[in-house]
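Pasting the structures here.
In the two complexes below, chain A is the common chain; its partner is chain B in one and chain C in the other.
Entry: the complex of A and B
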């Protein structure tokens, strides 16, 4: 009985602020709202609209491209950084603080910072490129480069996080694994690819799950830097849904969009969770 | 022969270590440079911050920070951030600690999974119904709405960080108290809590950092008087298109509290951040 009392505040809070609002969103998704604030039951009209909405499919495409690009960059760099950290044997607290600093920084601040560095005319990044004899880029102001640029910013912020997770995995591997490989005379890279990497897969998939949840809902850095622009080149589903809801106050359609996005995130997590079971050892 | 061979391997080991250290330094520089540039820019005189080519050496000035506090209600935004962050971290811990203990005690996992589901949903998904609900009771723009919404971020963090800590306490520790007929609340307060002290410190700091950093909810639920620093940053960017110095001063000040707190608990932070998925 006391157990119930101990968990009651959390359960009531979850019911009021999470469970009920979720059910309410489902209800909102079946309704339309007039500008006078009246609501009308419209059945699946919002979902029918979504299927034929070009902006939705564009948003889905942008979301997926940004997701795949960012995740790939963060995993490759993160694993590489983890190996370097692991080989360093002892990691000083300052080094760890340094690795933590990008992802503990508010994403909004990261956006502000990179906005100044990547300014097309006065930014330090273009100056660096030009002094290396490379052509300057419009970065966030270019419809072609805005998504890769955002992926780079997010990678700067989160590759160290992936690195620290993978480092934890490396440190928990039994040392006998490496000894056996050394006796066989396997080269460093071969050992890594044939033995270490497969053993690390559960940790890597965990990192993928944690990053997927954030990347599929990408919002902060985009909203502070481009608000979905230039044009609609970085209009991810989350940005699009937010604008439909709070710029055009079409709460019903925004609810349908966000429920769809939540289903996509949930599906990705379920799929990756199956992958984690498949690579477990 | 053997001694020569062993010298050979130590030599190449030595080189491998040097190359590794070099790579670590390069990685460190790549990670640090943007942040250092932000801080440097915040101390540049206003006519030099947009200079092209960008200047690396300059006479540092506090002009941008002075301008920031003079032309924007920066300090009252900061106070709003503190109120919302401390309030939501407090609620998160107050509700999350007993819940994590109860989940660990009963070994029922679904409440923890529900908390995880809250982390998976896009923020806008909650914001839409909240907006309608809070508008009906006239709470849009109130600290109450902001603190409650941010507690949806902090409570799951508290539960997920503390669950492994409570799980690590062996049952035998509780047995004597149970025989004495102690209530569960007493067991939690007198025995369990002192044993998970470091876990609570990490949970508190992570709650603080993630609530401080959270952007989306305050963007919609705050008004001119209750705006948090992060939400106000959106206006700074709009107004600061030419005022880079003040913009970078604002960015530096907003990033400072979470970075300092994270540095304090860096050793235990990663295990907490991975929701107990990896023990580090």
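Entry: the complex of A and C
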């Protein structure tokens, strides 16, 4: 009883901190705000507007393409990097730290750095391409290449994070299974495919959950590098919602957009959580 | 109807302000609000940085404690929207761009009317010397919503050495700009002939000057007018210059990229803000080979874009009079002169003609050309950047989209302007 009484203030405060912004956003989503600062209850009008808003569907499509592309790249590269780090016993600690350092860089710094590197006129990326006799690219200024380029930047930053999680999983695998595979004469690739990957699945799915939450809410790098452009080519749902709310001051509609995005993130996490239970061993 | 602002009433109110200020009392009590604290929400740009360098002088003069809340431009607006929507008195004074958000904030009732406060300014304040064009731009429905802190606008930076090498004379018309770019492209393939803003939300700032010089308008008879002959010509000319003579990836270019390109010597002409002079000249490489001018004339002559950051008092401030003391001090001739000597163009004629400031200009020829261009902006400038409607920030998106569609050859000019007009008519119709 004493424990409940002592912990109640902290629990209530935390619950309030979570509930208030959420409830307030739900409330905002049911209102519209006129330019004169008046608010009006409009029921589900903001949500009805979503259905016929081309930019919402486009934003959702961009968000999903970026999510799938980035997640796939980060998982493949992250697992590969983790296996290298796990097997290369001689890699010095400092080198290991350098491998995983990009995700410790603030996104604003990373965004500005890549903006300079990928500048089509002054950037090092095109200089390198041209030195190799290849044609220059518009990178972030090309409607075709902007999403793959942003996915690559995010992969550069976050694949090491996935690697770190997977490395932890690799270090916790039971050695006896590998000894048995070795006795049975299984090849390295077969061992990886039949033993390592299945055993690593819970860890990989955990990494997927963590990255999914970030990727579906992808904002910082895009806002710094393209602000959703060129045209609307990189206008994710989060960027769109931000602009509607804080640049066009349509707070009610922005709240509806953001709650829809939150529902998508929540749905993805629930689905991946089920997958995690399914692959547990 | 916000578009149909009563120009005569506006001019009359500015005149009235000027006359009444001249007649105000000489014995101004700067210590009247001693001991109070005024909160200032600042955009962390060179204007506020220069002014806040003298913060101690303000506190010493008035005995008012100045609490500064400083953010980057976009973050400042986010904070302001949050505070104002809550009708909070947390912010007493804030920085604002009347050309961008003036209609919107005025309609929301976020600005205190400064007309009355200006009448009670110190006798040496000289409100009559403040730029009339900028005061007019800050006047909404007969209320003065902010006082200008600086004057700025896009101007043409050009490389005199490249012009000489390619036998090009400084352009006098928009057609000359195109001809010069064409000639430079064939003469020196190592430089970008022309660069300006291509980033969607940033386009309106430079495009508006082109539109007005050509004789186009954003709104005609209550409808968006981009598909008029002049509107289409402006869209084609601006996007054509960037597509044919601009750098690769120009659709992501704003002031940051343009300054870097010009500073590095890789651009022959850059149409960019007068505020970027210091950045463009950083390192000193461009000091001796740069010429400056307002953007050359079009069919309608020269109608440069001239805007300025303003300082406003919050309508929810519980101490608007103390807040006004800070606004008055920051926009006074003394402080304006001090910040002008740091390269912030003052919206006051007296500062531009001040002997000390003239000596500062004489130190570098480029500064003299910069001031000459700003004098033209002050005299002829229009503050219409984007649509003169409540949803001005959103209107800039559609202008930028039309320009980008043409640069990227994604639409014909007829399609691009029609799509923009359709969306913009929707914004104009919004109350």
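The working rule: the second predicted complex is superposed on the first by the 260 of 281 C-alpha atoms of A that agree within 3 Å, B and C clash if a C-alpha of one lies under 4 Å from a C-alpha of the other, contacts with A are read in each partner's own complex, and residues count from 1 in each chain.
We adopt the following convention: a contact is a pair of C-beta atoms (placed from the backbone, for glycine too) under 8 Å apart; a residue touches a chain by one contact, two chains touch by 3 or more.
Keep in mind that what you see is a predicted model, and the values were worked out from it rather than measured.
Once chain A is used to superpose the two complexes, chain B occupies space that clashes with chain C.
In the superposition on chain A, no contact is made by A:43 with either chain B or chain C.
Contacts of A:138 after superposition: chain C is touched, whereas chain B is not reached. Once the two complexes are overlaid on the shared chain, A:267 sits clear of chain B and of chain C alike. Contacts of A:217 after superposition: chain B is touched, whereas chain C is not reached. Looking at the shared chain after the overlay, A:164 reaches chain B, while chain C stays out of its contact range.
If you count the residues of chain A touched by chain B and by chain C, you find the higher number for B.
By the touch criterion defined above, A:121 lies against chain B and chain C together after alignment on the C-alpha atoms of chain A. Legend: residue contacts after superposition of the two complexes on their common chain; A:198 is shown touching neither chain B nor chain C.
Of 127-135, 145-153, 163-171 or 253-261, the chain C stretch that intrudes into chain B once chain A is superposed is 253-261 (criterion: clashing C-alpha atoms).
For the contact definition in use here, the residues of chain A common to its chain B contact set and its chain C contact set are 121-122, 246, 251. Within the complex formed with chain C, the residues of chain A that make contact are 33-37, 119-122, 136, 138-143, 225-232, 243, 246-249, 251. Across the complex, chain B is touched by residues 2-3, 5-7, 9-11, 13-14, 17-22, 24-25, 28, 81, 84-85, 87-88, 93, 95-102, 104-109, 111-117, 121-124, 127, 131, 156, 160-161, 164-165, 167-169, 171-172, 203, 206-207, 210, 213, 217, 219-220, 223-224, 238, 241-242, 245-246, 251, 254-255, 258-259, 261-262, 265-266, 269 of chain A.
Chain C meets chain A in the complex at residues 74, 77-78, 81, 84-85, 103-104, 107-110, 192, 199-201, 247-252, 257, 260-261, 264, 266, 390-391, 393-394, 397, 401, 404-405, 408, 410, 430-431. By the touch criterion stated above, chain B contacts chain A in their complex at residues 16-17, 20-21, 23-24, 27-28, 30-32, 34-35, 37-38, 41, 50, 52-54, 91, 94-96, 98-99, 101-103, 105-106, 111, 114-115, 117-133, 148-149, 151-152, 155, 159, 183-185, 188, 209, 212-213, 215-216, 219-220, 230, 233-234, 236-237, 244, 247-248, 250-251, 254-255, 258-259, 261-263, 266-267, 269-271, 273-275, 277-280.
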